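In what comes next, subunit A is part of two complexes: it sits with subunit B in the first one and with subunit C in the second one.
Now for the complex of A and B:
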């Protein structure tokens, strides 16, 4: 199985490239993505420094790195929550930088699913209403078969009428995962999805994300600093100082830990 | 024969306008239908679900605003709605 691979650049070529499996269209890609905060001044910080990477369809990728490595910035830029200083982000064939605000809003609504560390569920809605929220706002009816499949995958069938306050953290995050999947997005982006969970609930969430990829054919990218979380992924990418510095195929927690240690994270 | 035609004419023109009274009725039926449909679409989330809150919920769900900002803005919306 081929997947996300990063190669070290030959001296002088500048920048790392990562290619997906030949022929398969990537669900999302960053091309020479650079993000500079405080541009021009002496305090300019290069949060992303010429990153090129593809996220192939139907794959589970973990983005790892020490804090400040730019991994969250990369995810935010992929999500269209933040814009690049230079370079391109392409999601489902669309260059985010060339879209109008309205087109970007629609793309984010229909083709990108999000999972956050803090769940971001609407407290006044039931689990079912939270899951179907992206569809309701788009004026679309849920595809019942798909809805049932997602709900069964995350094991929420008997919790649909509960409000977030009546659910455990793990259950709330399962609702968030189901909400992210309900529009059959091009890509699901998860920012430290297990950061607020105990290890058992965290393992469950990672298991559901894994099943979303393996059984439902979805594409998932998570940002995490937990080597165990990366162990669920098909590939792990390592960022340091805004650069893509390494990658691992079929990573194991131990293998990831070694690489992170090497990076000083 | 002439009388017959005259009677028919009266019959036709005399009762014809009667159908016009249905038009406001149809008009109101259409309005009610549209209102019911709109309410169903938004009202799935209960009577308190106003459009401002829906937009806010979407921005929260998409990570554009965090939990604190969501709560703050929601309380402002509700304050105004009073």
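Now for the complex of A and C:
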């Protein structure tokens, strides 16, 4: 059992990590990440309050917590969609705070995969075009073998020519997952990926994400409030009021539920 | 419901901005046009009222000839009165003063020897009337003329020609007359009578140079004694003048009204009608734009409308709410448009000024009628454009509130395809049959309207496939960004067709004019080129000028010249109808102008004969040897024999009279053109230089070689086309704003999608490029449709006008330029929506509600 602790990091150390056995280098990390909304003073809301955490390569981490705990904000900041008030976010060795908008965009395109709660596919493109969209935007051709592998993994081989409006919610989210994986990103971030799905489709999606980690060696971080979803992860982190308050290695649904109850979520 | 409509207006200001702007521009154009007409009418009325302010009665010749159509000097001709009438009138009881007035043509040359005046306002010459009550001009420098070679000129002319009291110059009447300027006068307090020039001689000078007969005067101006009314005096004068004088007597008030009516019904009516066409096109284009904007707004509010229906709103209330919104937009934009119209009136005047038509438009007068008309047209346009979207909104089913709004492919219904195809086919058939059967402009117009209606209905059906084709290069060579641009342009065919239709109409009109003008120019150039057999021409200014017949004889005397002969224009009663005629030494003319004789001979055609065109001969049933009665402005008439029938009318017109027959009846006979052929062996440049030198004393008229003459002959068409382009630019602008507006509304609607694209790595540059390409695709769709429609209708118009007027010429280069301009305009239209889309905050966009 190495590394997963909920203590404050000592200055200059790696701090809290969700690292697995072997202590591989993190795919992404937050260092004293703080995000304050509002102009300061009484009304200011600290969405992230000095969070330090590492997400090691090849691991599936679930970030949990009650609404308003800052878990989505953390994910958005990791994806370069939102910026910190202070602290650092490092993805694949790059300090996001030092990047221009354009560099951030290219980072999102090439090195980060993102899955939204509400599928968010481009309605005018087919499933295949949606999956390869980040590559197309970069003007690159998909690696056929890799494409076939992820399409097979998410089970979409017979749906590639369909448009989003011809797909079910679960199928659309599978397309979104495939899109997130297609660039072999440093990290796949998923924001409540099962929130809009029935439990069976949700279980499928989580199964695909699990396989992406186990079989394809990807790094996945999901935000969820569903204890069952957390059960697919290697580790669960618990946020409350913008702070990292707890963690659980190889979580089970029941174990997660207990922790959440303890947090009053 | 009304409150909802108003609340929407307040919150959706930005989304309505495009609509407001379209209405604003259309109304501004209409109001500006009407204001310009009003202003000109008021100015002309003031001018004439001032000119005739103290003239109580006018006696003039009853003989007047006025040819319809082409306006120019001498085309309205009134005869002269015997000078004895002046004494007879002066003896009438109640007459305080009766003076002889002589009115004629006099071109003043400036200090640089060049003719003063642009293309339009008259060059007036007359007599300096010493009774200040009967003379609207006031001396502001110098004195009245006392010898026949002394003149007073108006201040405007003096300024333009840099002439001062004491300067010597030349007045062409049209013979060049050396004069000394002894006085400078104002018209009332203004520089002149509108923008015309005026030169006044002594009565002896005027008789010598203008009437060429000391026993004749143009009219008698009468001042009444105090207490004698105009009408009473006119009746007495009428009774006192013998019938043999062939005089008519009118009051000063009648004269003013007649003058004003002449200008109003002639020049002003034509100008207003011309401008109103373009204001109409602008409003029509605006209607399509407005319709499209409201359709989109309504579509975006489908959920809201459905919610209202769920809560119990009746359909009528939904319609009312949308119409209330359109009404508010129409009222606000039209009011703003009225204000903008004042500015536009000034711009329009400037446009005509820059083309050389100086219009007397001081100040700005707008009648209440004009304001009401422009305002009502704006409001009506907006509300009418809003009806269909309003009805569509009311058809939203309550359940739609619960559904997600999907991509709308409703545009391409089968019924629409059938109706559109039938309408278009019917329109094309009517146009083609009208052309084939020479049915004239009426049926061609009906067919055009049907064709346009068919295209409008068909637009959404065609939009999908057309955009797929037009967007192919983008999709093929511009990667996924290009492919998405194409798909976005296709995803809502009705919307794409709607914004493209506005452009289609605008471009269509541009192309119709372009094709027609090109055909006209080409056939004119060809026939001028074919008919003109000489080497050089000397021409008078386009409008309002004339050349002295002495010029032709002077040039003919040059050692470098074989032959030189002039062609004048006039009006005569030919076989009972007033016609514009050509006046020339016909045998000499036939050497220099290939008239293509069909019967008889032009050689030896002399006094007592005339030549007519084959068209006129056919229409009148004349042939060589027919005797035709020809009446002149002086009231006399003469039987002439048709000596020849000719086919080429481009330069000579339909009737040619020998100068010997014409000159006795026309005191100020002028040439419009002089044709010159050079002696063999004379270098063209040397010959031209010699002719230019010889023409110097005649006000340096333009001397041109064949190519130059053809260019000059077609220049007027180009100038008019230029004006038309400027006038249509506004319509095109409205159409492009429609595209930009549609795109902006689409951006709003696709906020979430755009956010997603940014989230998965689309750069801002790519976002902008995507929208730019979409705009270009839509603009190209509209432009190409407009070019197609315009070429078709241009062909119809050219055919309807008759092959002798114009032979169809498709200006490929110009049309290509129109298409390129359409694409470039698309780029411009896509800039703002693109910038807005690129600026979207990614997270907020992804979380945004659709619609």
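To be clear about the criterion, the second predicted complex is superposed on the first by the 242 of 265 C-alpha atoms of A that agree within 3 Å, B and C clash if a C-alpha of one lies under 4 Å from a C-alpha of the other, contacts with A are read in each partner's own complex, and residues count from 1 in each chain.
By our rule, contacts are C-beta pairs under 8 Å (C-beta built on N, C-alpha and C of every residue); 3 or more make two chains touch, one makes a residue touch a chain.
Because the structure is predicted, anything quoted here is derived from the model rather than measured.
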Side-by-side fit of subunit B and subunit C on subunit A, or clash: clash
Subunit A: partner with more touched residues, subunit B or subunit C: C
Partner chain in contact with A:109 - subunit B first, subunit C second, else both or neither: both
Subunit B versus subunit C as contact partner of A:211, first or second or both or neither: neither
First (subunit B), second (subunit C), both or neither touched by A:46: neither
First, second, both or neither for A:101, with subunit B first and subunit C second: second
Partner chain in contact with A:136 - subunit B first, subunit C second, else both or neither: both
Subunit C region in steric overlap with subunit B, selected from 525-533, 741-749, 795-803 or 813-821: 741-749
Overlapping contact positions on subunit A, where the subunit C interface meets the subunit B interface: 79, 81, 108-109, 114, 116, 120-122, 124-125, 129, 133-134, 136-137, 139, 179
Sites on subunit B touched by subunit A in the complex: 41, 44-46, 48, 54, 57-58, 60-64, 66-67, 70
Residues of subunit A defined as touching subunit B within the complex: 79, 81, 108-109, 114, 116, 118, 120-122, 124-125, 129-130, 133-134, 136-137, 139, 179, 191
Of subunit C, residues touching subunit A in the complex: 406-407, 479-481, 483-484, 487-488, 490-491, 752-753, 756-764, 766, 842-843, 846
Subunit A residues within the subunit C interface of the complex: 76, 79, 81-82, 101-102, 105-106, 108-110, 114, 116, 120-125, 129, 133-134, 136-139, 165, 179
